Amino acid sequence: MTVADFQALSPLLVLAGGATVLMLQIAFVRSVSLTAALTVLTMALAALSCVHAAQIAPLQVTPLLQADSFALLFCVLFCIGGAATALLSQDYIRHHGDEPEEYFLLLMLSTLGACVLAYAVHVASLLLGLELLSVSLYALIAYPNKSILPLEAAAKYLVLSGAASATALFGFALLYAATGTLEFTALGQQLDNTQMGQSVLLVGAAMVFTGLGFKLSLVPFHLWTPDVYDGAPAPITGFLASVAKAAVFVALLRLFLDADLFRYRILVEITGFLAILSMLAGNLLALLQTNIKRMLAYSSIAHIGYLMIIFMACITSDNRNLASEAAAYYLVAYTATTIAAFGLLTLICAHQVERENVELHHISGLFWRQPLLGGLMLVAMLSLAGIPLTAGFVAKFYIFNAAVSGHNWVLLATLILGSGIGIYYYLRVVYYMTRRLEQHHVQPTVVVSWHAKALSCILIAGILLLGTMPQSLMAYLRSIL
Amino acid sequence: MTTLWLIPLFPLLSATLLVLSAGRMPRQLAALLGAGSVGLSAICVALVARTYLADGQVQELTLWTWMAVDNFTPRIAFYIDGLTVVMMSVITGVGFLIHLYSIEFLWDDESFCRYFAYMNLFVAAMLLLVMADNLLLLYLGWEGVGACSYLLVGFWYRDPDNGAAARKAFVVTRVGDTAMFLGLLLLYTELGTLDIQPLMAAANSQWQVGDTLPILATALLLGGAVGKSAQLPLHTWLPDAMAGPTPVSALIHAATMVTAGVYLIARNYELFLLAPPTLAAVAWIGLATLLLAGFTALAQHDIKRILAYSTISQIGYMFLALGVGAFASGIFHLMTHAFFKALLFLAAGAVIHCLHHEHNIFRMGGLRRRLPVVFWSFLIGSAALAALPFTSGFYSKDAILLSAWTLPGIGPWLWAGGLLGALLTGIYSFRLVFIVFFGEAHTEPDQQPGWRMSGALIVLCVLSLVGGWFALPLAGVLPDKDHAHVSHAVEFISIGTPLLGLLIAYLLFLGRQVSIASLAESPWGKALQDFWYSGWRIDKLYDALLVQPFKCLAHWWRNEPVDLFYNALVALSRWAHGRLITLQTGELRWYATSLVFGLVLLLAIMLRNAS
Amino acid sequence: MMESLFYIAALVALVATVAALTRSNAAHALIYLIVSLLAVAVLFFLMGAPFAAALEILIYAGAIMVLFVFVIMMLNLGETGDIRERQWLRPRNWIVPGVMAALLLLELLLALRHAPTLTSGVAVAPKDVGLALFGPYVLAVEIASMLLLAGLVGAYHLGRRFIVRREGRSN
Amino acid sequence: MSMVVLIGLLLVGGIAAWQLERIDANLPRWVALATVTLALLYLVSVIAEIPAESFKLTPDPGDGDSWLLHLKLAWIPRFGISLELAMDGLSLLLVILTLLLGLIAIASSWSEIDFKPGLFQANLLWTLAGVCGVFLAMDLFLFFTFWEVMLIPMYLLIAIWGHENRSYAAMKFFIFTQVSGLLMLLSIVILAWQGVATGGELSFSYFDLLGLHLDGRLAWIAMLGFFLAFTVKLPGFPFHTWLPDAHTQAPTAGSVLLAGILLKTGAYGLLRFCIPLFPEISMQFAPVAMGLGVAGVIYGAVLAFAQSDFKRLVAYSSVSHMGFVLLGLYAWNNLALQGAIMQMVAHGVSTAALFMMAGALQQRLHTRDMTRMGGLWQQAPRMGACAMFFAVASLGLPGLGNFVAEFLVLAGLFAVHPGFTAVAALGLITAAIYALWMMQQTFQGAPDEQRQMDDFHGREMLAMVAMILALLWLGLYPQPVLDLAQPVLDGLHGVVTPGEHLAQTMTAGTGQ
Amino acid sequence: MGGLQIPLEHVLLLAATLFSCGLMGLMLRRNIIFMLMSLEVMLNAAALAFVAAGARWQQADGQIIFLLILSVAAAEVAVGLGLVLQIQRRFKTLDMDQVNRLRG
């Protein structure tokens, strides 16, 4: 390991070091504020260190990790996502769990896992990143002890996610048996030289895809999603829906790109097929939900469906840069939006111990009581619905471009259809939020701390900025791909 | 001629002022404005007419270009020739008298101002109609008078029946107007202009007599004329339009607006001459209408309805005249009809006014001595209507009948039909006189008409009597039939028929009255009377064929059938949601099974494609 | 001889696994599972992976399974649990899982049908493994440590409450 | 830059109105009024600076610099997207209409809104800004942005300040327009990438994409995307069903804006984008579009007659009237196009007035149900007179703007397709039926003597008189409007020529 | 130490069978402890496949992945068993069909 290697890995090192520091801090002083502050600080530092690391990127550090701009971009995203989650969690976890300090430690480890996934170019690092992310999440989901729903959610997630991991591993084992290598790029080179027959390769790849598709909650592997999202504490749901998904998606995309799995047309067509199913089923399932968390869970299924269009768009190799760009932009936009949406739910139920989920009528008139939160929700919903001037629209526009350029008409049609259905449930939230309140229908006031307010403002500004002035990010993405 | 634009402007201005006053103007002032403006117009018309009679020069005035798109450049411009002068004179002259009469008739009405506003607006629109130098401006006036007619028929808006009558008037005429609208489109598309004189020239140069296009175009124009002039088959609105105040009926539904169709055909006679089948249709429509309306008038009870049917019938004569090519005679009859029918309506109005709004003639009677001015007016009017010799109606109707006779081929048939109509006219008009003014009184009048009413009546009496001696300045403007050499026998029959009608009426209604009662009570007689009373059941027919189906359709569609499709989409989504959501059982084992299911599916697809 | 040992071990692993997953008594099942793991360890050994075989026995069978044992003992499920488990394992409940698993197995079998390759027969010595582990895979070790830390903290947080609660009750 | 200032002014005015509500509840409407007035004055000052002869020059549709105003700023170079605004006579006309109707809308909601008046006025102004943007944007991406963004404040107007069934109506409105909008986005993207495929740079500029040749199925897909989006907004049969609901449930100002200007964006889009971008295919498609137009004319009129809700009736009358626009646009000759443009303006005024009337009635009587009205003339003669005026305007009385529009449309259409013309002319009859039926049910008939009702006040009367004068002006001297649009149409005629297909239908229509 | 030449196919087949058994256990059992055990079986099957593949390529990588799987299994089981304890405490049952508040 050289100095350059350390520099390239500096985000990971900062996060891991931060985790150690946190552990020590907890051992000596239990203080939520301090832990939270340290967490946010560490993540900010990690995000900053990405800039440092970017100076020498791309650099492969051991066969496991590849520090390139693509990975670093997502590290920044995940660290910011983690920091936002930490900020949002502070009040929430104080009221919902005892000994809340380890929560932040787990969050840090989880973020580390996500970052590892972004770096991963090897089965081992993929496996470890995935599991680091997941194992921390099991604990995080089950963290609140005032309610039983988190337990149920964690148990479901653990069992199913474990099964999915095992499936993916088995698939990798088959690929390894056929090719003799665990590095993605080398794997791609060996695929055509194998003596074991194409069916093993295809089956292995399909099993890998199944495992990762489960984590992405693609239809038909989506059934767990609403239950887990619903039961998990709201900030963690946000983290799960944004950072965790983005990390897995990045890893999957990198696997496909590096190993050039796009050569198996049937595999890519299956991704397209599942994308269609996800778009339709996700939107249809969300249609009449009154529980906002579940609604957002279903909508996240749909959004992953939109995102999976990228894979089909990648079939023609000269379209891959555009498609990857689109994916990256989409993930950034989607992460910001999701954190905003779930952040709002966090703030609403932060002070209500007994309330784990938020029904539509709970947010009746929110816009009038808490204009800032209402505004945040409005922006988040519009962004999810893909209305121009929000990040979600530019992201969708990117997908449109990638898909049109890749001639994926059926997917586009489904995308439009799905978006059409989606408008209904997103706007229903807006409608409830802007309802005039009857006199007798008094909603409890929500106390919002100053840092949550600041975060809300930043998120609103971020989403709008990504939607109105996307050029700088686009240019950056274009330059690194 | 610079005063031309003043002619429609006076009433228009007056109408605007009356509208803007929002009903708060003192009655005296409103009356002065309302009648005075028409009077001023009449003076201007007189000036114009004098100039025209002096030199016979067509006068034109362009105010501004209405719109200019490509070569479509209709102007707001006036064209004054003999025909226009006649029409303007009738409109402003008779109009002024009726306005004068109205002041007294409606003095107690709360909407006095509104009334005069509408009336003035009407006069302005009617003037535009006759003065227009192009068909589009004519159409503006045409629709304008229709709208005013609607407003005035529904003037007493509290009674929904009046509203229904008004709407019927507007919608039925609109049917005709739409045909005319299409006619205008056809003319413009084919000939490239709507200015009447160039249009005629272009038609003459581009089309031959009997071509399809002129026939189509004139047929469409005829549609408009039929609607406005209450001819078959669009005549049904006029009797109902009697719901309006009586002076309105006099002005709009007798003297002026309803004759617009006649004017339209006369104005475009060169076009119609290119289309002999249309012209024949005009004649036949006129004949059929005059007979149908004549029979119907025989069976009515309502004094105004009788007059309304008689109007329809008389316009039938005008159409007959136009159809046989006697355009000038048609216009002549238009003028005399304006005089005597206005007189009749105003006299009827005076009766109604003095008898507390009584309309049923069988509740009147014996008014001869009680309302002498009215009686004499009515008598003179009826005489002119029945075309008794030396009244104005006699000259005009006689000219029409003789023109029909001279037409080769179908002429005698038309003549005979017209003669039958004349007989009917004699019967029903004197039936009215005898029942209302003779016999015993059923209702006592509580007032006498004042000087304005009486004055208007007297002037119109004079006009009805002497109107037949006017020489209309139509020579060279409109063609006419020469009937100097018609045999005396024919002339004699023509003169005698109305007298026969008078005699029959006398026998039936002023004599013993035995025969008519027994006739009416026989089954056949009763059926016939009912049939005629209902206007040959045409209203019912239209109701069953058009009105009800339309209402049914509207009712059937009222909840938006197209939405069924979208609602089905919504229902489909909801159904799919319901199906999918049942998969979310919350059971971990089932979730695991779905995972395996997906895996099995994926692997199956892979294996299928690998081999 | 050695080949037959391989197939015997494989059979044992298979049977023990099936038995482990179909027993109604958790403790019995666990024993079967340990047997299965031991058999797999034999396989590892036979395939020339002695290091893996050792770890399989030490960590898998030794450490992880013991965790299960602890939990089962702590929960003290007893006889009623067995009876309930037996009711849940009625034949009707077998159909779907059995069919799905069979289908999956069939598909994997079809896929592997064309893969007649031999394992090398040359052992990969623990030394090689160690060199690789602290050579190219050194970062994996580091990350694995973080993973274990996460597991540790998670287990601590979840388990602590149980213990605290138990103590509270006994007081 | 002036166009950016114009839109910015409205946006900032909206924010000001929103925030100033905290100081005084009456302030927002004054701010809104001032903003729109200011925008109008600013526009006038900008126009005054343009030399008069520029208005007579034919702008080249493919070259923004030949237009009255043109501005191009880089926005998203990655996709060749720029902040490109341009104004020609047509845009100018519609922007003026927008601002004037904005004033009317503010006037119509003057005393109606008591809940959050600041945000209400803000939404009003933002809608105006969005619509102005739609009329000025010449980058398709920017156009789409404005197209969608104007929906949000409109949605909020309906969803927050609407009537009893506002949730359903607002949702329907949004879903219809949004889904069709996405189809348009698809078409836009297809078009842009086709530009790349034919060797150009990726660009979303109208001026770059005009004249692009697409082949076969792709062209049809792209054209239909545009067509659907615009037809839904227009609204054309059978995509109109959102409109009666949205109109009925919207607050008065919302209905005025919707009917007055939002619908015009659909017509504008067809004229500016759909047909010129796909000239040949649009002309092949014309018979279908015209068929939809005719169906809309008749269907809307019949359904208008069937309604008992005042606003619903007016809404269906809009469907009927906008059918004429569709007819005029696809007849694609000068007369018909001028007619369509006139119809956009005239319908904007007349329907806005009718909705204002409906709002006034609802405010006074707390119902829109016409069966519960009747004889209102007695209590409110001024209202009655105004209603009568706009009723006859809406049935196409000559001398008023709507007639000029309908006549020109049908005159143009007659040359192309006499059959459609004849059927569409039936709409004139049905229009008379519903318009007069509306008058009968509301202002005529026996009055309820118990009822107390205020007549129009000065402010309302002022708005009404303004609209009456506007319609009279349009009806008697429409030349300024025609002159403003003529050069634009001349330019477009260079791009689109009625195809052979149309000529065939023409001969088929007249010959057989 | 020598190894045995065994058809890789057979080892993989055994691993596949074990994997299928694990999945079947997951679908079959309602008791969460058995579910966790099934999970272990599946992970173990994957590990077996990796070791076999490593043996086929004479690489240490297979065994290293096995090692990593081992740590994964340990971490998962640790958290999983913690959850089991909590579930038993709060739900008074280990039957996952009854731990079913979240659905729909």
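As written, the chain order gives the labels A, B, C, D and E, with residue 1 at the start of each chain.
Assume a residue touches a chain if its C-beta (ideal position, glycine included) is under 8 Å from a C-beta of that chain, and two chains touch if they have at least 3 such contacts.
Because the structure is predicted, anything quoted here is derived from the model rather than measured.
Colleague: Go through the assembly and pull out the chains touching chain C as well as chain D.
Modeller: A, B
Colleague: If we define chain centres by averaging CA atoms, which chain lands farthest from chain A? Would you check?
Modeller: With centres defined by C-alpha atoms, farthest from chain A sits B.
Colleague: So, comparing each chain's Cα centre against the centre of all protein Cα atoms, which one is closest?
Modeller: Measuring from the global C-alpha mean, the nearest chain centre belongs to D.
Colleague: Which chain's mean C-alpha position is the greatest distance from chain E's?
Modeller: B
Colleague: Please state whether A-D or A-E has more C-beta contact pairs across its interface.
Modeller: Higher contact count goes to A-E.
Colleague: Whole-Å distance, chain C centre to chain E centre, using C-alpha means?
Modeller: Distance between chain centres: 6 Å.
Colleague: Taking the mean of the CA coordinates per chain, how far is chain A from chain C in Å?
Modeller: 31
Colleague: Distance between chain D and chain E based on Cα centroids, please, to the nearest Å.
Modeller: 65
Colleague: So how far apart, in whole Å, are chain B and chain C when each is placed at the average of its C-alpha atoms?
Modeller: Computed value for the inter-centroid distance: 100 Å.
Colleague: I need the residues of chain C touching at least two other chains; which ones are they?
Modeller: Touching at least two other chains: 96-97, 100-101, 104, 107-108, 110-113, 115, 117, 137, 140, 144, 147, 150-151, 154-158, 161.
Colleague: Among the residues of chain E, which are close enough to touch at least two other chains?
Modeller: Residues 8, 12, 16, 19, 22-23, 26-30, 32, 35-36, 38, 47, 52, 54, 56-57, 59, 61-62, 64, 68, 72, 75-76, 79, 82-83, 86, 96, 99-104 of chain E touch two or more partner chains.
Colleague: Report the topology of the inter-chain touch graph, choosing from line, ring, star, complete and other.
Modeller: Graph shape here is other: it fits none of the named patterns.
Colleague: Chain pairs that touch, all of them, please.
Modeller: A-B, A-C, A-D, A-E, B-C, B-D, B-E, C-E
Colleague: Can you name the residues of chain D that touch chain B in the complex?
Modeller: Of all residues in chain D, those touching chain B are 237-238, 240-241, 244, 299, 302-303, 305-307, 334-335, 338, 375, 377-378, 381-382, 385, 388, 392, 397-399, 403-404, 407-408, 410-411, 414-415, 418, 421-422, 425-426, 428-429, 432-433, 436-437, 440, 443-447, 476-479, 482, 486.
Colleague: Quick one: which bits of chain A touch chain C in the complex? Just the residue numbers, please.
Modeller: Within the complex, chain A contacts chain C at residues 1, 9, 16, 19, 23, 61-65, 98-99, 102, 105-106, 109-110, 112-113, 116, 124-125, 128-129, 131-132, 135-136, 138-139, 142-143, 145, 174, 177-178, 195-197, 199-200, 202-203.
Colleague: In the complex formed with chain E, which residues of chain B make contact?
Modeller: 581, 584-589, 592-593, 596
Colleague: So in the complex, which bits of chain E are touching chain B?
Modeller: Residues in contact with chain B: 23, 26-30, 32, 35, 96-97, 99-104.
Colleague: Please give the residue numbers of chain C that touch chain A in the complex, ascending.
Modeller: Its residues touching chain A are 107-108, 110-115, 117, 136-140, 142-144, 146-147, 149-151, 153-158, 160-161.
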